[in-house]
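Presented sequentially are two complexes of subunit A, the first with subunit B as partner and the second with subunit C.
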Partner chain A sequence: MNARAQTYMWVAQRASAAVLALCVVVHLATMIYAIRGGLSAAEILARTRGNVAWLAFYAVFVLAVAVHAPIGLRPVLGEWLRWRDASRDGFLAALAILLTVFGMRAVLGVFL
Partner chain B sequence: MNKLNVRVWRGGAEGAFQAFEVPRRESQTVLDVVTHIQRALDATLAYRFACRVGMCGSCAMTVNGVARWTCRTHVDVALKNENQLTIGPLRNLPVIRDLVTDMREFFDKWARAKGSFEGKQTRRDDFAKIRPQSEDRRQIDAAIECIGCAVCYASCDVVAWNPDYLGPAALNRAWTLIKDARDQKKTERLRAVAGDAGCHSCHTHMSCTERCPKHLSPTAGIAGLKREAIFAFTGGSS
Partner chain C sequence: MIGHTGTWAALVHRVSGILLVLFLPGHFIALGSALEGADHFDSFLVWTQQPLVKFAEWGIVLSLAAHLGGGLRVMALEFLPWRDWQKGLAAAAAAAAIAVSLAFALAL
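Then we have the complex of A and B:
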(Lines of atoms letter the chains of each structure in order from A and count residues from 1; the text may use other names and numbers.)
(Lines give C-alpha, C1' and ligand atoms only; values in the text may rest on other atoms or scores of the structure.)
Protein backbone atom coordinates (compact mmCIF):
# COMPACT_ATOMS: atom_id res chain seq x y z
CA MET A 1 0.00 0.00 0.00
CA ASN A 2 1.43 3.38 -0.97
CA ALA A 3 2.27 6.20 1.39
CA ARG A 4 -0.78 8.33 0.59
CA ALA A 5 -3.26 5.49 1.16
CA GLN A 6 -1.41 4.42 4.29
CA THR A 7 -1.55 7.99 5.64
CA TYR A 8 -5.28 8.33 4.95
CA MET A 9 -5.87 5.02 6.70
CA TRP A 10 -3.87 6.19 9.71
CA VAL A 11 -5.89 9.41 9.94
CA ALA A 12 -9.16 7.46 9.53
CA GLN A 13 -8.08 5.07 12.27
CA ARG A 14 -7.33 7.89 14.72
CA ALA A 15 -10.42 9.90 13.83
CA SER A 16 -12.70 6.86 14.17
CA ALA A 17 -11.05 6.02 17.50
CA ALA A 18 -11.94 9.49 18.79
CA VAL A 19 -15.54 9.05 17.66
CA LEU A 20 -15.71 5.58 19.22
CA ALA A 21 -14.33 6.82 22.54
CA LEU A 22 -17.28 9.18 22.78
CA CYS A 23 -19.84 6.71 21.43
CA VAL A 24 -18.82 3.91 23.80
CA VAL A 25 -19.04 6.20 26.83
CA VAL A 26 -22.50 7.47 25.82
CA HIS A 27 -23.67 3.94 24.98
CA LEU A 28 -22.50 2.42 28.28
CA ALA A 29 -23.75 5.32 30.40
CA THR A 30 -27.14 5.17 28.71
CA MET A 31 -27.39 1.41 29.16
CA ILE A 32 -26.46 1.54 32.82
CA TYR A 33 -28.96 4.34 33.37
CA ALA A 34 -31.74 2.74 31.33
CA ILE A 35 -31.69 -0.76 32.83
CA ARG A 36 -32.00 0.30 36.46
CA GLY A 37 -34.86 -1.79 37.82
CA GLY A 38 -34.98 -3.98 34.71
CA LEU A 39 -35.86 -3.28 31.13
CA SER A 40 -38.03 -5.04 28.55
CA ALA A 41 -37.74 -5.15 24.77
CA ALA A 42 -40.97 -3.21 24.57
CA GLU A 43 -39.51 -0.41 26.69
CA ILE A 44 -36.40 -0.22 24.51
CA LEU A 45 -38.43 -0.06 21.32
CA ALA A 46 -40.70 2.56 22.85
CA ARG A 47 -37.68 4.82 23.28
CA THR A 48 -35.90 4.12 20.01
CA ARG A 49 -38.74 3.81 17.46
CA GLY A 50 -38.95 6.99 15.45
CA ASN A 51 -36.24 8.65 17.54
CA VAL A 52 -34.03 10.36 14.95
CA ALA A 53 -31.42 11.38 17.55
CA TRP A 54 -30.78 7.74 18.51
CA LEU A 55 -30.82 6.73 14.86
CA ALA A 56 -28.16 9.32 14.06
CA PHE A 57 -26.07 8.41 17.12
CA TYR A 58 -25.99 4.68 16.42
CA ALA A 59 -25.52 5.20 12.68
CA VAL A 60 -22.36 7.19 13.47
CA PHE A 61 -21.34 4.49 15.96
CA VAL A 62 -21.74 1.73 13.35
CA LEU A 63 -19.86 3.66 10.66
CA ALA A 64 -16.99 4.39 13.07
CA VAL A 65 -16.76 0.67 13.89
CA ALA A 66 -16.83 -0.23 10.19
CA VAL A 67 -13.90 2.13 9.57
CA HIS A 68 -11.92 1.38 12.72
CA ALA A 69 -12.08 -2.41 13.01
CA PRO A 70 -10.78 -3.40 9.54
CA ILE A 71 -7.91 -0.90 9.67
CA GLY A 72 -6.92 -2.16 13.10
CA LEU A 73 -7.18 -5.77 11.98
CA ARG A 74 -4.87 -5.16 9.03
CA PRO A 75 -1.55 -5.15 10.94
CA VAL A 76 -2.81 -7.97 13.18
CA LEU A 77 -3.33 -10.17 10.11
CA GLY A 78 0.04 -9.10 8.71
CA GLU A 79 2.04 -9.59 11.87
CA TRP A 80 0.36 -12.65 13.38
CA LEU A 81 -0.78 -14.60 10.32
CA ARG A 82 1.78 -13.15 7.84
CA TRP A 83 -1.14 -12.33 5.52
CA ARG A 84 0.26 -9.38 3.58
CA ASP A 85 -0.80 -9.79 -0.05
CA ALA A 86 -3.62 -7.94 -1.80
CA SER A 87 -6.20 -10.54 -0.78
CA ARG A 88 -5.90 -9.22 2.79
CA ASP A 89 -7.25 -5.80 1.73
CA GLY A 90 -10.07 -7.50 -0.20
CA PHE A 91 -11.03 -9.42 2.91
CA LEU A 92 -10.90 -6.25 5.04
CA ALA A 93 -13.02 -4.31 2.54
CA ALA A 94 -15.59 -7.11 2.68
CA LEU A 95 -15.45 -7.00 6.48
CA ALA A 96 -16.07 -3.22 6.44
CA ILE A 97 -19.13 -3.73 4.20
CA LEU A 98 -20.44 -6.54 6.40
CA LEU A 99 -20.04 -4.47 9.57
CA THR A 100 -21.85 -1.57 7.92
CA VAL A 101 -24.71 -3.70 6.56
CA PHE A 102 -25.33 -5.73 9.71
CA GLY A 103 -24.78 -2.74 11.97
CA MET A 104 -27.19 -0.51 10.07
CA ARG A 105 -29.69 -3.37 9.87
CA ALA A 106 -29.64 -3.57 13.67
CA VAL A 107 -29.94 0.20 14.04
CA LEU A 108 -32.88 0.38 11.62
CA GLY A 109 -34.40 -2.64 13.35
CA VAL A 110 -35.00 -0.64 16.51
CA PHE A 111 -35.85 2.62 14.69
CA LEU A 112 -38.48 1.53 12.20
CA MET B 1 39.35 -13.67 43.35
CA ASN B 2 35.63 -13.54 42.61
CA LYS B 3 34.49 -15.44 39.58
CA LEU B 4 31.69 -14.56 37.22
CA ASN B 5 29.64 -17.28 35.57
CA VAL B 6 29.24 -16.44 31.90
CA ARG B 7 27.24 -18.20 29.21
CA VAL B 8 28.09 -17.23 25.64
CA TRP B 9 26.23 -18.17 22.47
CA ARG B 10 28.28 -20.42 20.18
CA GLY B 11 27.24 -21.26 16.64
CA GLY B 12 24.97 -19.62 14.09
CA ALA B 13 21.16 -19.67 13.99
CA GLU B 14 21.52 -23.15 15.47
CA GLY B 15 23.85 -23.41 18.41
CA ALA B 16 24.06 -23.48 22.17
CA PHE B 17 25.35 -21.45 25.10
CA GLN B 18 28.82 -22.36 26.35
CA ALA B 19 29.74 -21.75 29.99
CA PHE B 20 32.89 -19.91 31.08
CA GLU B 21 34.29 -18.63 34.36
CA VAL B 22 35.72 -15.17 34.14
CA PRO B 23 37.59 -13.27 36.89
CA ARG B 24 35.43 -10.51 38.33
CA ARG B 25 37.10 -7.11 38.25
CA GLU B 26 36.21 -3.63 39.36
CA SER B 27 34.53 -1.41 36.72
CA GLN B 28 34.45 -4.40 34.37
CA THR B 29 32.42 -3.98 31.20
CA VAL B 30 30.59 -6.75 29.36
CA LEU B 31 33.01 -6.23 26.47
CA ASP B 32 35.91 -6.79 28.92
CA VAL B 33 34.32 -10.14 29.81
CA VAL B 34 33.95 -11.21 26.17
CA THR B 35 37.49 -10.05 25.37
CA HIS B 36 38.87 -12.03 28.33
CA ILE B 37 37.13 -15.16 27.06
CA GLN B 38 38.47 -14.68 23.54
CA ARG B 39 42.03 -13.90 24.65
CA ALA B 40 42.45 -16.25 27.60
CA LEU B 41 39.90 -19.04 27.37
CA ASP B 42 38.79 -19.71 23.79
CA ALA B 43 40.43 -17.95 20.86
CA THR B 44 37.78 -19.22 18.43
CA LEU B 45 35.06 -16.99 19.89
CA ALA B 46 33.80 -14.54 17.24
CA TYR B 47 32.64 -11.09 18.30
CA ARG B 48 32.82 -7.55 16.99
CA PHE B 49 34.13 -4.35 18.52
CA ALA B 50 36.23 -1.36 17.49
CA CYS B 51 36.35 1.88 19.47
CA ARG B 52 35.57 0.64 23.02
CA VAL B 53 34.29 4.10 23.94
CA GLY B 54 30.69 4.12 22.67
CA MET B 55 31.24 5.79 19.34
CA CYS B 56 31.40 3.13 16.65
CA GLY B 57 28.27 1.11 17.39
CA SER B 58 29.83 -2.25 16.58
CA CYS B 59 29.81 -4.12 19.91
CA ALA B 60 26.07 -4.43 20.62
CA MET B 61 24.96 -7.82 21.97
CA THR B 62 22.11 -9.31 23.94
CA VAL B 63 23.12 -9.29 27.60
CA ASN B 64 20.85 -11.11 30.05
CA GLY B 65 17.99 -10.73 27.58
CA VAL B 66 18.52 -7.03 26.88
CA ALA B 67 20.21 -5.51 23.81
CA ARG B 68 23.10 -3.34 25.02
CA TRP B 69 26.28 -1.63 23.83
CA THR B 70 28.72 -3.87 25.63
CA CYS B 71 31.70 -1.49 25.77
CA ARG B 72 29.77 0.98 27.91
CA THR B 73 27.75 -1.52 29.94
CA HIS B 74 29.27 -2.36 33.30
CA VAL B 75 28.80 -5.91 34.49
CA ASP B 76 27.31 -4.43 37.68
CA VAL B 77 24.51 -2.88 35.61
CA ALA B 78 23.84 -5.96 33.48
CA LEU B 79 23.66 -8.26 36.50
CA LYS B 80 20.64 -7.97 38.68
CA ASN B 81 20.98 -10.18 41.75
CA GLU B 82 22.46 -13.26 40.18
CA ASN B 83 26.12 -13.89 39.37
CA GLN B 84 25.25 -15.12 35.89
CA LEU B 85 25.90 -13.26 32.67
CA THR B 86 24.28 -14.60 29.50
CA ILE B 87 25.61 -13.05 26.33
CA GLY B 88 24.13 -13.68 22.90
CA PRO B 89 23.99 -12.05 19.47
CA LEU B 90 21.50 -9.26 18.72
CA ARG B 91 17.92 -10.30 18.04
CA ASN B 92 16.18 -9.68 14.67
CA LEU B 93 19.41 -10.09 12.69
CA PRO B 94 20.84 -13.28 11.11
CA VAL B 95 23.66 -14.74 13.20
CA ILE B 96 26.89 -15.28 11.28
CA ARG B 97 28.78 -16.94 14.11
CA ASP B 98 28.76 -16.70 17.90
CA LEU B 99 28.15 -13.02 18.79
CA VAL B 100 28.49 -11.65 15.26
CA THR B 101 25.34 -10.78 13.32
CA ASP B 102 24.86 -9.96 9.67
CA MET B 103 23.93 -6.27 9.67
CA ARG B 104 23.36 -5.89 5.93
CA GLU B 105 19.56 -5.83 6.17
CA PHE B 106 19.75 -3.27 8.97
CA PHE B 107 21.80 -0.85 6.86
CA ASP B 108 20.00 -1.70 3.60
CA LYS B 109 16.88 -0.41 5.32
CA TRP B 110 18.58 2.94 5.92
CA ALA B 111 19.05 3.10 2.13
CA ARG B 112 15.43 2.03 1.56
CA ALA B 113 14.33 4.85 3.90
CA LYS B 114 16.36 7.23 1.70
CA GLY B 115 18.72 7.91 4.56
CA SER B 116 21.32 9.83 2.56
CA PHE B 117 21.45 13.61 2.33
CA GLU B 118 20.54 15.20 -1.00
CA GLY B 119 21.51 18.85 -1.21
CA LYS B 120 21.51 21.15 -4.21
CA GLN B 121 24.15 23.73 -3.34
CA THR B 122 27.66 23.56 -4.72
CA ARG B 123 30.97 24.63 -3.21
CA ARG B 124 30.53 27.97 -4.95
CA ASP B 125 27.34 28.72 -3.03
CA ASP B 126 27.35 30.42 0.33
CA PHE B 127 26.84 28.32 3.48
CA ALA B 128 23.24 27.50 4.29
CA LYS B 129 22.28 29.46 7.38
CA ILE B 130 20.50 27.28 9.91
CA ARG B 131 19.80 28.94 13.24
CA PRO B 132 20.82 26.61 16.08
CA GLN B 133 17.72 27.66 18.01
CA SER B 134 15.31 26.98 15.15
CA GLU B 135 12.64 24.35 15.85
CA ASP B 136 13.78 22.07 13.03
CA ARG B 137 17.43 22.23 14.08
CA ARG B 138 16.55 21.44 17.70
CA GLN B 139 14.53 18.42 16.57
CA ILE B 140 17.49 17.24 14.48
CA ASP B 141 19.84 17.73 17.45
CA ALA B 142 17.64 15.46 19.55
CA ALA B 143 17.89 12.65 16.99
CA ILE B 144 21.21 13.03 15.17
CA GLU B 145 23.64 11.22 17.48
CA CYS B 146 22.73 7.70 16.31
CA ILE B 147 25.79 5.42 16.17
CA GLY B 148 24.08 2.67 14.16
CA CYS B 149 24.52 0.01 16.84
CA ALA B 150 21.16 -1.70 16.03
CA VAL B 151 20.18 -1.96 19.70
CA CYS B 152 16.84 -0.32 18.81
CA TYR B 153 16.36 -2.68 15.86
CA ALA B 154 17.04 -5.73 18.02
CA SER B 155 14.66 -4.44 20.70
CA CYS B 156 11.77 -3.74 18.29
CA ASP B 157 8.91 -6.25 18.32
CA VAL B 158 7.49 -4.88 15.07
CA VAL B 159 10.73 -5.84 13.28
CA ALA B 160 10.31 -9.36 14.68
CA TRP B 161 6.71 -9.55 13.48
CA ASN B 162 7.14 -7.81 10.13
CA PRO B 163 10.59 -8.38 8.60
CA ASP B 164 9.96 -5.64 6.01
CA TYR B 165 9.52 -2.96 8.69
CA LEU B 166 12.26 -0.37 8.24
CA GLY B 167 12.91 -0.18 11.96
CA PRO B 168 13.58 2.63 14.43
CA ALA B 169 17.11 3.58 13.32
CA ALA B 170 16.32 3.96 9.61
CA LEU B 171 13.13 5.92 10.37
CA ASN B 172 15.01 8.11 12.86
CA ARG B 173 17.60 8.84 10.17
CA ALA B 174 14.87 9.75 7.67
CA TRP B 175 13.36 12.06 10.29
CA THR B 176 16.63 14.01 10.73
CA LEU B 177 16.83 14.52 6.96
CA ILE B 178 13.21 15.56 6.59
CA LYS B 179 13.83 18.26 9.19
CA ASP B 180 16.99 19.40 7.34
CA ALA B 181 16.18 22.62 5.49
CA ARG B 182 18.96 21.95 2.95
CA ASP B 183 17.68 18.54 1.89
CA GLN B 184 15.82 18.30 -1.41
CA LYS B 185 14.11 14.92 -1.21
CA LYS B 186 11.55 15.44 1.49
CA THR B 187 8.47 14.17 -0.39
CA GLU B 188 10.32 11.27 -1.98
CA ARG B 189 11.69 10.26 1.42
CA LEU B 190 8.26 10.51 3.03
CA ARG B 191 6.92 8.25 0.30
CA ALA B 192 9.63 5.74 1.20
CA VAL B 193 8.95 5.79 4.93
CA ALA B 194 5.14 6.06 5.04
CA GLY B 195 4.21 2.87 3.17
CA ASP B 196 3.40 -0.56 4.59
CA ALA B 197 6.91 -1.07 5.96
CA GLY B 198 7.25 2.41 7.41
CA CYS B 199 6.27 4.74 10.22
CA HIS B 200 2.58 3.77 10.32
CA SER B 201 3.52 0.21 11.28
CA CYS B 202 5.07 1.40 14.56
CA HIS B 203 3.08 0.24 17.60
CA THR B 204 4.63 2.87 19.87
CA HIS B 205 5.89 0.22 22.29
CA MET B 206 8.87 2.55 22.79
CA SER B 207 11.35 -0.30 23.28
CA CYS B 208 13.74 1.57 20.96
CA THR B 209 13.54 4.68 23.10
CA GLU B 210 13.91 2.65 26.28
CA ARG B 211 17.00 0.81 25.03
CA CYS B 212 18.83 3.40 22.89
CA PRO B 213 22.27 3.75 24.51
CA LYS B 214 22.50 7.33 23.24
CA HIS B 215 19.16 8.18 24.85
CA LEU B 216 17.58 9.15 21.55
CA SER B 217 13.87 8.74 20.95
CA PRO B 218 13.21 7.10 17.60
CA THR B 219 9.57 6.89 18.74
CA ALA B 220 9.37 10.69 18.69
CA GLY B 221 10.92 10.77 15.22
CA ILE B 222 8.46 8.16 13.96
CA ALA B 223 5.57 10.21 15.39
CA GLY B 224 7.05 13.21 13.58
CA LEU B 225 7.11 11.27 10.31
CA LYS B 226 3.41 10.45 10.75
CA ARG B 227 2.66 14.15 11.19
CA GLU B 228 4.75 15.11 8.18
CA ALA B 229 3.00 12.42 6.09
CA ILE B 230 -0.37 13.95 6.96
CA PHE B 231 0.75 17.37 5.75
CA ALA B 232 2.38 15.94 2.62
CA PHE B 233 -0.19 13.38 1.51
CA THR B 234 -3.60 14.60 2.60
CA GLY B 235 -3.13 18.08 1.21
CA GLY B 236 -3.06 17.10 -2.46
CA SER B 237 0.60 16.46 -3.35
CA SER B 238 1.92 12.92 -3.49
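Then we have the complex of A and C:
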Protein backbone atom coordinates (compact mmCIF):
# COMPACT_ATOMS: atom_id res chain seq x y z
CA MET A 1 0.00 0.00 0.00
CA ASN A 2 1.39 3.37 -0.98
CA ALA A 3 2.02 6.29 1.37
CA ARG A 4 -0.96 8.27 0.10
CA ALA A 5 -3.38 5.42 0.81
CA GLN A 6 -1.87 4.98 4.27
CA THR A 7 -2.37 8.69 4.95
CA TYR A 8 -6.01 8.49 3.85
CA MET A 9 -6.52 5.52 6.16
CA TRP A 10 -4.93 7.38 9.08
CA VAL A 11 -7.21 10.39 8.49
CA ALA A 12 -10.29 8.15 8.08
CA GLN A 13 -9.41 6.33 11.30
CA ARG A 14 -9.05 9.55 13.33
CA ALA A 15 -12.13 11.19 11.77
CA SER A 16 -14.27 8.10 12.41
CA ALA A 17 -12.84 7.90 15.94
CA ALA A 18 -13.96 11.46 16.66
CA VAL A 19 -17.50 10.65 15.45
CA LEU A 20 -17.51 7.38 17.38
CA ALA A 21 -16.35 9.06 20.60
CA LEU A 22 -19.55 11.09 20.61
CA CYS A 23 -21.73 8.16 19.47
CA VAL A 24 -20.33 5.79 22.11
CA VAL A 25 -20.91 8.27 24.94
CA VAL A 26 -24.55 8.67 23.84
CA HIS A 27 -24.90 4.88 23.34
CA LEU A 28 -23.47 4.02 26.77
CA ALA A 29 -25.65 6.60 28.52
CA THR A 30 -28.79 5.45 26.66
CA MET A 31 -28.02 1.81 27.42
CA ILE A 32 -27.47 2.33 31.13
CA TYR A 33 -30.69 4.35 31.27
CA ALA A 34 -32.67 1.88 29.14
CA ILE A 35 -31.75 -1.38 30.90
CA ARG A 36 -33.03 -0.28 34.31
CA GLY A 37 -35.97 -2.51 35.13
CA GLY A 38 -35.13 -4.93 32.31
CA LEU A 39 -35.36 -4.71 28.55
CA SER A 40 -38.36 -5.56 26.40
CA ALA A 41 -38.89 -5.32 22.67
CA ALA A 42 -41.88 -3.04 23.26
CA GLU A 43 -39.82 -0.64 25.35
CA ILE A 44 -36.95 -0.47 22.84
CA LEU A 45 -39.24 -0.15 19.82
CA ALA A 46 -41.35 2.53 21.53
CA ARG A 47 -38.21 4.65 21.68
CA THR A 48 -36.90 3.95 18.20
CA ARG A 49 -39.82 3.21 15.83
CA GLY A 50 -40.49 6.11 13.51
CA ASN A 51 -37.94 8.25 15.34
CA VAL A 52 -35.89 9.93 12.60
CA ALA A 53 -33.40 11.41 15.07
CA TRP A 54 -32.45 7.93 16.36
CA LEU A 55 -32.41 6.61 12.78
CA ALA A 56 -29.93 9.33 11.74
CA PHE A 57 -27.84 8.87 14.88
CA TYR A 58 -27.53 5.09 14.53
CA ALA A 59 -26.97 5.27 10.75
CA VAL A 60 -24.00 7.59 11.34
CA PHE A 61 -22.85 5.31 14.19
CA VAL A 62 -22.93 2.22 11.94
CA LEU A 63 -21.12 3.92 9.05
CA ALA A 64 -18.39 5.23 11.38
CA VAL A 65 -17.95 1.70 12.79
CA ALA A 66 -17.76 0.23 9.27
CA VAL A 67 -14.88 2.61 8.51
CA HIS A 68 -13.15 2.38 11.89
CA ALA A 69 -13.16 -1.35 12.66
CA PRO A 70 -11.52 -2.69 9.46
CA ILE A 71 -8.79 -0.01 9.52
CA GLY A 72 -8.13 -0.74 13.19
CA LEU A 73 -8.01 -4.49 12.57
CA ARG A 74 -5.49 -4.14 9.72
CA PRO A 75 -2.30 -3.75 11.83
CA VAL A 76 -3.56 -6.39 14.27
CA LEU A 77 -3.80 -8.95 11.45
CA GLY A 78 -0.38 -7.89 10.18
CA GLU A 79 1.43 -7.96 13.51
CA TRP A 80 -0.28 -10.84 15.32
CA LEU A 81 -1.21 -13.16 12.44
CA ARG A 82 1.49 -12.04 9.95
CA TRP A 83 -1.28 -11.58 7.41
CA ARG A 84 0.12 -8.87 5.16
CA ASP A 85 -0.64 -9.82 1.56
CA ALA A 86 -3.40 -8.36 -0.62
CA SER A 87 -5.96 -10.89 0.62
CA ARG A 88 -5.91 -9.08 3.97
CA ASP A 89 -7.34 -5.92 2.39
CA GLY A 90 -9.91 -8.01 0.55
CA PHE A 91 -11.00 -9.52 3.85
CA LEU A 92 -11.15 -6.08 5.50
CA ALA A 93 -13.21 -4.65 2.62
CA ALA A 94 -15.61 -7.57 3.03
CA LEU A 95 -15.77 -6.84 6.78
CA ALA A 96 -16.60 -3.18 6.06
CA ILE A 97 -19.43 -4.26 3.74
CA LEU A 98 -20.72 -6.84 6.24
CA LEU A 99 -20.76 -4.29 9.08
CA THR A 100 -22.54 -1.75 6.87
CA VAL A 101 -25.19 -4.20 5.62
CA PHE A 102 -25.93 -5.90 8.95
CA GLY A 103 -25.64 -2.61 10.83
CA MET A 104 -28.10 -0.81 8.57
CA ARG A 105 -30.43 -3.81 8.73
CA ALA A 106 -30.33 -3.51 12.54
CA VAL A 107 -30.98 0.24 12.40
CA LEU A 108 -33.96 -0.32 10.08
CA GLY A 109 -35.09 -3.22 12.25
CA VAL A 110 -35.74 -0.96 15.21
CA PHE A 111 -36.96 2.00 13.10
CA LEU A 112 -39.57 0.39 10.80
CA MET B 1 7.31 3.16 33.88
CA ILE B 2 5.49 5.46 31.46
CA GLY B 3 6.56 3.25 28.54
CA HIS B 4 5.25 0.27 30.48
CA THR B 5 1.91 2.02 31.04
CA GLY B 6 1.73 2.87 27.36
CA THR B 7 2.32 -0.78 26.42
CA TRP B 8 -0.55 -1.90 28.66
CA ALA B 9 -2.81 0.86 27.34
CA ALA B 10 -2.06 -0.18 23.74
CA LEU B 11 -2.71 -3.86 24.55
CA VAL B 12 -6.04 -3.11 26.25
CA HIS B 13 -7.01 -0.87 23.32
CA ARG B 14 -6.20 -3.60 20.83
CA VAL B 15 -7.84 -6.50 22.68
CA SER B 16 -10.99 -4.47 23.43
CA GLY B 17 -11.16 -3.50 19.75
CA ILE B 18 -10.94 -7.16 18.67
CA LEU B 19 -13.69 -8.14 21.13
CA LEU B 20 -15.91 -5.36 19.77
CA VAL B 21 -15.37 -6.47 16.16
CA LEU B 22 -16.28 -10.05 17.12
CA PHE B 23 -19.35 -8.89 19.04
CA LEU B 24 -20.80 -6.46 16.49
CA PRO B 25 -22.10 -8.87 13.80
CA GLY B 26 -24.07 -10.79 16.46
CA HIS B 27 -25.33 -7.54 17.95
CA PHE B 28 -26.53 -6.34 14.56
CA ILE B 29 -28.17 -9.67 13.69
CA ALA B 30 -29.99 -9.66 17.04
CA LEU B 31 -31.32 -6.13 16.55
CA GLY B 32 -32.20 -6.91 12.94
CA SER B 33 -34.44 -9.72 14.23
CA ALA B 34 -36.89 -6.94 15.15
CA LEU B 35 -37.68 -6.85 11.42
CA GLU B 36 -39.32 -10.24 11.90
CA GLY B 37 -41.60 -8.84 14.59
CA ALA B 38 -41.50 -7.82 18.23
CA ASP B 39 -42.12 -11.43 19.37
CA HIS B 40 -38.97 -12.58 17.62
CA PHE B 41 -37.03 -9.77 19.26
CA ASP B 42 -38.52 -10.51 22.69
CA SER B 43 -37.54 -14.18 22.51
CA PHE B 44 -33.97 -13.04 21.95
CA LEU B 45 -34.16 -10.64 24.91
CA VAL B 46 -35.36 -13.50 27.14
CA TRP B 47 -32.26 -15.47 26.13
CA THR B 48 -30.08 -12.54 27.28
CA GLN B 49 -31.42 -12.85 30.84
CA GLN B 50 -29.08 -15.78 31.58
CA PRO B 51 -26.33 -14.93 34.10
CA LEU B 52 -23.50 -15.88 31.72
CA VAL B 53 -24.94 -13.72 28.94
CA LYS B 54 -25.29 -10.82 31.38
CA PHE B 55 -21.68 -11.29 32.44
CA ALA B 56 -20.62 -11.25 28.76
CA GLU B 57 -22.70 -8.09 28.26
CA TRP B 58 -20.87 -6.46 31.15
CA GLY B 59 -17.57 -7.51 29.56
CA ILE B 60 -18.50 -5.98 26.21
CA VAL B 61 -19.61 -2.73 27.86
CA LEU B 62 -16.31 -2.64 29.75
CA SER B 63 -14.52 -3.24 26.41
CA LEU B 64 -16.47 -0.45 24.73
CA ALA B 65 -15.75 2.02 27.54
CA ALA B 66 -12.09 0.97 27.67
CA HIS B 67 -11.74 1.32 23.89
CA LEU B 68 -13.34 4.77 24.07
CA GLY B 69 -11.07 5.86 26.91
CA GLY B 70 -7.99 4.44 25.20
CA GLY B 71 -8.93 6.07 21.91
CA LEU B 72 -9.42 9.47 23.52
CA ARG B 73 -6.01 9.02 25.15
CA VAL B 74 -4.37 8.28 21.78
CA MET B 75 -5.99 11.33 20.18
CA ALA B 76 -5.01 13.58 23.09
CA LEU B 77 -1.40 12.40 22.77
CA GLU B 78 -1.42 12.88 19.00
CA PHE B 79 -3.28 16.15 18.65
CA LEU B 80 -2.66 18.14 21.83
CA PRO B 81 0.68 19.70 22.68
CA TRP B 82 2.50 17.51 25.21
CA ARG B 83 1.76 18.35 28.82
CA ASP B 84 2.70 16.53 31.97
CA TRP B 85 -0.93 15.72 32.84
CA GLN B 86 -1.10 13.45 29.80
CA LYS B 87 0.94 10.89 31.75
CA GLY B 88 -2.21 10.29 33.80
CA LEU B 89 -4.46 9.66 30.80
CA ALA B 90 -4.13 5.86 30.84
CA ALA B 91 -5.16 5.76 34.51
CA ALA B 92 -8.01 8.19 33.83
CA ALA B 93 -9.21 6.06 30.91
CA ALA B 94 -9.08 2.89 33.05
CA ALA B 95 -10.97 4.58 35.89
CA ALA B 96 -13.64 5.92 33.54
CA ALA B 97 -14.08 2.53 31.84
CA ILE B 98 -14.47 0.73 35.17
CA ALA B 99 -16.93 3.39 36.40
CA VAL B 100 -19.08 3.05 33.25
CA SER B 101 -19.07 -0.75 33.41
CA LEU B 102 -20.05 -0.66 37.11
CA ALA B 103 -22.91 1.75 36.35
CA PHE B 104 -24.05 -0.72 33.68
CA ALA B 105 -23.69 -3.72 36.04
CA LEU B 106 -25.70 -1.94 38.75
CA ALA B 107 -28.48 -1.15 36.27
CA LEU B 108 -28.59 -4.76 34.94
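Quick note on the criterion: the second predicted complex is superposed on the first by the 111 of 112 C-alpha atoms of A that agree within 3 Å, B and C clash if a C-alpha of one lies under 4 Å from a C-alpha of the other, contacts with A are read in each partner's own complex, and residues count from 1 in each chain.
Keep in mind that, in the parts below, a residue touches a chain if its C-beta (ideal position, glycine included) is under 8 Å from a C-beta of that chain, and two chains touch if they have at least 3 such contacts.
Owing to the predicted nature of the structure, the values given are computational and were not obtained by experimental measurement.
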{"item": "Greater residue coverage of subunit A in the superposed arrangement, subunit B or subunit C", "value": "C"}
{"item": "First, second, both or neither for A:G50, with subunit B first and subunit C second", "value": "neither"}
{"item": "Contacts of A:R4 with subunit B and subunit C, given as first, second, both or neither", "value": "first"}
{"item": "Subunit B versus subunit C as contact partner of A:S40, first or second or both or neither", "value": "second"}
{"item": "Residue ranges of subunit A in contact with subunit B within the complex", "value": "1-4, 6-11, 75, 78-80, 84"}
{"item": "Contact footprint of subunit A on subunit C as seen in their complex", "value": "14, 17-18, 20-21, 24-25, 27-35, 38-39, 41-42, 45, 48-49, 61, 64-65, 68, 71-72, 75, 78, 100, 103-104, 107-108"}
{"item": "Subunit B to subunit A touching residues, read off their complex", "value": "158, 161-162, 190-196, 198, 200-201, 203, 226, 229-230, 232-234, 238"}
{"item": "Interfacial residue positions of subunit A with respect to subunit C in the complex", "value": "14, 17-18, 20-21, 24-25, 27-28, 31-33, 35-36, 38-42, 44-45, 65, 69, 72-73, 76, 95, 98-99, 102-103, 105-110, 112"}
